[in-house]
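Each of the two complexes below includes chain A, the first together with chain B, the second together with chain C.
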Partner chain A sequence: MRATALRRSGIALLLGVGLVAIASAVPDNRVLLMNTFLAYGALVLSLDLMVGDLNLLPAGHAAFFGAGGYASVVLNQEAGWPLPLAGGVAIVACALVAAVIGFPVVGRTAGMSFAVVTFAIGELMVQIISKSPELLGGTQGLTVTWGVGDEMPFGFSIYRYYSLWLVAVFVMVMLSVVWVRSSHLGLRLTAIRDDENAARGLGFNPVVYKTLIFAIASGLAAAVGVMWAPMVGYIGPDSMGTTESIFLLSLLIVGGLRSVGGALAGVLLLMVAPLYFELEPTVRIAMVGGALAIIALVEPRGIAGLARRATDRLPVLRRAA
Partner chain B sequence: MSELLLTLLLGIMQAGLYTLVGLGLTITFGVTHILNFAHGEFVTIGAFALIGFSTMVGTAAAIPLALLVAVALGALVYLLGFVFTIGNHLQGLAFSLGLLLFTENIFLELFSSIPRNGPRVDGTLALLGGEQIAWSRVVVIITTAALVTVAAIALKRTWVGLALRATGDDRFAASTLGLSAKRVGLYAFLVAAVLAAVAGMCIASVSPVTPAIGVSYLLTGFVVAIIGGLGSPEGVLMAALLLGIVEALTSRYIDPSMTSVYTYSLMVVVLLALPQGLFNRKVVRAG
Partner chain C sequence: MTIEAPFLSVRRLSVTFGKAIAVADISLDVAEGECVAVVGANGAGKSTLGKAVTGLVHVSGGSVELTGQPVGADAARRGALYVPEGRMVFPQLTVEENLKVGAFTQRRLGDWRTQRDVMYDLVPRLAERARVRAGLLSGGEQQLLAIARALMARPRLLVLDEPSLGLSPTAITTVTRFLGQLRVDTGVTILLLEQNTAFAARLADRGLVVSLGRVERTSLTQTQLGAISVATE
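Here is the complex of A and B:
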C-alpha cells in the first residue's frame, strides 16, 4: 500500500517537473491555455474526491473556487497583507468554513438532497457577493491590481509566472488524491461508499470522514481560486455559479470517476482542445454536452472505461500492464 | 388588503408554474429513477414553439402544435436515450446532463439571448380595493390550477396514472403485473413533457423569455421536487406553494433584491430539518 502510494507520488512529482518545463517553454499565446488546463484539471480532480470516493454529488464546487479567490484578493487589497500570506490564510479559511458548513450537511443529507443543499449554499455565496458592492465588487466583480506593471521573477510574464504556481497547486491536488486513495483513509472511504451502515458497525463514523473530505476538496478548490484570480487579474460571481459547478461535474463524468488519467483526459478533450481551436463558448459547451450524452450511453465509466476496454482488447498492452 | 391579495395571487401564479415543472421531474424520477436534468428544456421548447408558431399560424393553432412538438421530442429523447439508462443512476444523470448542456447551447445559437415576447391576453382585471392584475396572469393562474387538478385526478383515477404510481411504488411488483418499466417510463416522459411545455407557454404569455428560462425553471423544479420529497406529487404542490408565496411576500414587503437569499436559506433549513423532503415515506437515494 505504501509502495503504491510512493510510486504514484513519484509519478505525480515527475509529471510536475515535466509541467514546469512545459510551462517555461510554451509560446506566449498558449500560456493561458496551459493555465486553464492546470486549473480545471485541479478542480476536477478535487471534485472527484467527493464524487468518486464518496458518491457525494456537490452542485457548489465552483463556489469554493470563487470563495478562495475573493478571500485572498480582499485580504491582499483591503487588509494589505502580502499575497502569499493572504492566499495561505484564504485556503485554510475556506477549508475550515467548508468543514463547519459541511458537518451538518453531510450528516443530515445524502444523494440528491445533498446536491440541492450544496447548490443553495453556492448560490447564497453568489448572492452575498452580488449584494456587497463596496467590499466585494457586487455583480461587477473585483479587479486585481497585484503585480500590474511589476517585474516578475525570471523575467516571466504574469501569466507564465502563475503557471508555476498553478503547477504547484496541480501537483498538490494530485498528491492529495494519491495519498487519500492509497492509504487507510481511502479504504475507509470505500467502505463508507459501499455500505454506510456496515462502516458504522466497524466503528468509524462516516460523518467525520465525509466532512474531512468535503473540507479537503473545498480547500483545494479554493487554492485553485487563489492562484487563478491574480493570474487573470479579475474575479467575478459568474465564475462560481451552479452552471460552472455542473460543467465541472460533466467534465469529470466524461473523463471517468476515480481515475486521475481519465479526469485529465476529459479536461484536455473537452476544455482545452475546443479552446485551442478557438470555438465559440456556446458551440464548445454544446460539444461537451453532446460528448457527455454519447459517452453516457456508450460507456458509463467515461474515457477511463473506454481506455480499459481498449487495453483489454490488445494483448500486447495487457502483458505490459 | 388588496395589495396582499395581489401579492398572494402572483405567488400562486409562480407556484403553479413551479408545480408543473416539479411534477414532471418527480413523476419521471418515481418511475424510472432518472433525475432528468434536461427536463427544463421542455419549458424552453414550449415557450419558443408557442412564440414561433403563433407568428406563423395564429395563437389558437399554435398551442396544440407546440404541445405536439414537445411530445414528439419527449418521445424521441426517451426512446433514443433514457430508455437505455434505466437501472443505472449515474448513467441516466450523465446522459441528461449532457443533453442539458447540448440543447441549452443549441437553443442559444438558434434563438439568441435577446428576450422575446409571446402572445398576450390584453387588459387588466380590477381586484377588490383598486389594484389591477393583468388578464394574462389570471389566465395563467386558471390554466395551471386546472392542469394541476386534472393531473391529480388522472394520477388517482386513470389507467395511466395507476400505472405510473404502481411502478413508482414498486417497480418489481408492477412488472409482475405486466407493467414494464420501459413502457411506463415512456408515459412518464410524455406526461412530464406536456406539463413542462404548458408551463413554458404560460411563462411566454406573461413575461419575456430567453433560452435560459429552461435552466432556471429546472433548478426551481428540482428544489420543489426535492423539498417535497422525490416521487411525491402532493409534496411538489406544497413545496411549490411555500416557495412561490414566500418569494412573492418577501419581494413585496421586505426587499425585492433579497428574494433569492430568503428562498435559498429556506431550502437549506428545510432540507437540514427534513432531508427526505416533506412528504417522502421511504428513503430515496439517487447516486
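Here is the complex of A and C:
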C-alpha cells in the first residue's frame, strides 16, 4: 500500500517538475491554454474524489471554485490582507463551510438527493453574489486590481506567473487523490460505496467520510479559484453556476471515473482542444453532448476504459506496460 | 454482595420506525461464550433486534447493556459487531482488502496481519483466494468472508443476521463447521438471528422465538429448536 502510494506520489511530483518546465517554455500565446488545462484538470480530479470514490454526484462543484476566488479577492481588496494569507484563509474557509453544511445535509444523503442539495447550495451562492453589488460586484462580477502593471517575479507575465501556482495546486490535487486512493481511507471509501450498511456494521460511519471527502474536494476546488481569479483579473457569478458544474461532470464522465489519466484526457479533449482549434462555443457544446452519448453507449468507463480495451487487445502494448 | 451483570442484557427493548413497531417488548440475557438463537419469520423483528444490540438503530424504549454498560453508537469499538444478512461483502475489494477494512476499529492496537493469518488458518479457502475480488466468490465463501471480516475487529459479541440465507445445503454445512470451530477456538459470544431452525439448532446452546416484535417462547433447548418451524406459510 505504502509503496504504491510513494511510487505514485513520485510520478505526480515528476509530472509537476515537467509541468513547471513546460510552463516556463510554452510560447506566450499558449500560456492561457496551459493554465486552462491545469485549472480544469485540478477541478475534475478533485470532483472525482466524490464521484469516483464515493458514487456521489454533486451539482455544485464549480460554486466552491467561485467561492474560493471571491473570498480571496474580497479579503485582499476590501480587507487589505496580503494575497497568500487571503488565499489560504479562503481555501480553509471553503473547506470548513463545506464540512459545516455537509455534515447535517450532504453526509446523510446519497444519489439524487445529494445532487439536489449540492445544486441548491451552488445556486444559493450565485444568488448571494448577484444580490450584493457593493461587496461582491453583483451580476457584473469583480475586477481584480492586484498585480496590474506590477513587475512579476522572474520577469514573467502575470499569466505565466500564475501557471506556476496552478501547477502547485494541480500537483497538490494529484497527491490528495493518490494518497486517498492508496491508503486505508481509500479502502474504507470503497467499502462505503459498495455497501453503506455493512460499513456501519463494522464500526465506521459513512456520514463522517462523505462529509470529509466533500470538504476536501470543495477545499481543493476553492484552491483552484484562488489562483484563477487574479490570473484572469476578473471573477463573476457565471463561472460558478450549475451549468459550469455539470460541464465539469461531463468532462469527468467522458474521461473515465477513478482514473487520473482518464480525467485529464477528458479535459484535453473537451476543454483544451476546442480552445486550441478555436472552435465555436456551440460546436464545443455539441462535442460534449456527442461525447457523452458515445461514452454512454460504447464504453461507460470513458476514455480510460477505451484505453484499457486497446491495451488488452494489443499484446505489444501490454508487454510495454 | 453484588450480582454480576450478564454479558449481554436486553431489557424491555422497543424500536419503532415512525408508526411501525419493529420491536415491541423484548428482553433476553446472553452469558459470555454462549450462543443464543433468536428465531422468527420475516418481519418478526430479528434484524432490528440485532441492529439495536450493536447500536445501529435508535432505541425507542428499554435498554441494551453489554457487561453492565449501556450500548450506543460506540458498540463496534466495544466489541459488538453486526454481520448483516445477504452476505454483504464489499464486492469491489479483494478478499484481503475486505479483511483489512474489517480491522478498522483495531488498527491502532496491533498488526492486522496477525488476525488475518488466524482467519486464513480457520478458513484456508479465503487464503487461496486472497487477491480475488470478493464479488466473484461463491455464496458460501462470501458468507464466510463476511463473518471473518467482522472477526478482524476481535469482537466479544458477534450478531449474525441469517447467515444461512440463500446458501446451498453444502455451504450451510461449511458455515456451521466454521462457526463451531470458532466458538471452540475463541469462545466468542454469538447472537444468532435465524429463520432456518434446523441450522440454528445445530449451533445454538438455546433459543427463543420472536413474532411481531415480541418474545413468543423462551428457553428452547436444542432439540426443541430443531423441531419447530417459523415459516410464514
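In this text, the second predicted complex is superposed on the first by the 318 of 321 C-alpha atoms of A that agree within 3 Å, B and C clash if a C-alpha of one lies under 4 Å from a C-alpha of the other, contacts with A are read in each partner's own complex, and residues count from 1 in each chain.
Operating definition for what follows: contacts are C-beta pairs under 8 Å (C-beta built on N, C-alpha and C of every residue); 3 or more make two chains touch, one makes a residue touch a chain.
Given the structure is predicted, the values throughout are model-derived calculations rather than measurements.
Superposition note: with chain A as the common reference, chain B and chain C can be accommodated side by side. The vertex angle at chain A, taken between the C-alpha centres of chain B and chain C once both structures are aligned on chain A, is 80 degrees to the nearest 10. Set against each other, chain B and chain C touch different numbers of residues in chain A, with B touching more. Applying the stated contact rule after C-alpha superposition, one finds that A:76 touches neither chain B nor chain C.
Looking at the shared chain after the overlay, A:123 reaches chain B, while chain C stays out of its contact range. By the touch criterion defined above, A:211 reaches neither chain B nor chain C.
Using the contact criterion defined above for the overlaid structures, shared-chain residue A:198 touches chain C, although it does not reach chain B.
In the superposition on chain A, no contact is made by A:46 with either chain B or chain C.
Contact with chain B, but none with chain C, is seen for A:249 once the two complexes are overlaid on the shared chain. Of the two partner chains, chain B is the only one that A:286 touches; chain C does not reach it.
By the document's definition of touching, neither partner reaches A:182: not chain B, not chain C. The least CA distance from chain B to chain C in the superposed model is 13 Å. On chain A, the surface touched by chain B in one complex and the surface touched by chain C in the other have no residue in common.
Residues 35, 37, 81, 84-85, 88, 90-95, 97-106, 108-109, 215, 219, 222-223, 226-227, 230, 257-258, 260-261, 264-265, 267-268, 271-272, 275-277, 284-287 of chain B are the ones touching chain A in the complex. Chain C makes touch with chain A in their complex at residues 54, 56, 73, 75-77, 81-84, 88-93, 97-98, 100-102, 104-105, 107, 146, 149-150, 153.
By the touch rule above, chain A contacts chain B in their complex via residues 55, 57, 104-105, 108-113, 115-117, 119-121, 123-124, 127-128, 131, 242-243, 246-247, 249-250, 253-254, 257, 282-283, 285-286, 288-297, 300.
On the chain A side of its complex with chain C, the touching residues are 184, 187-188, 190-191, 193-195, 197-198, 200-205.
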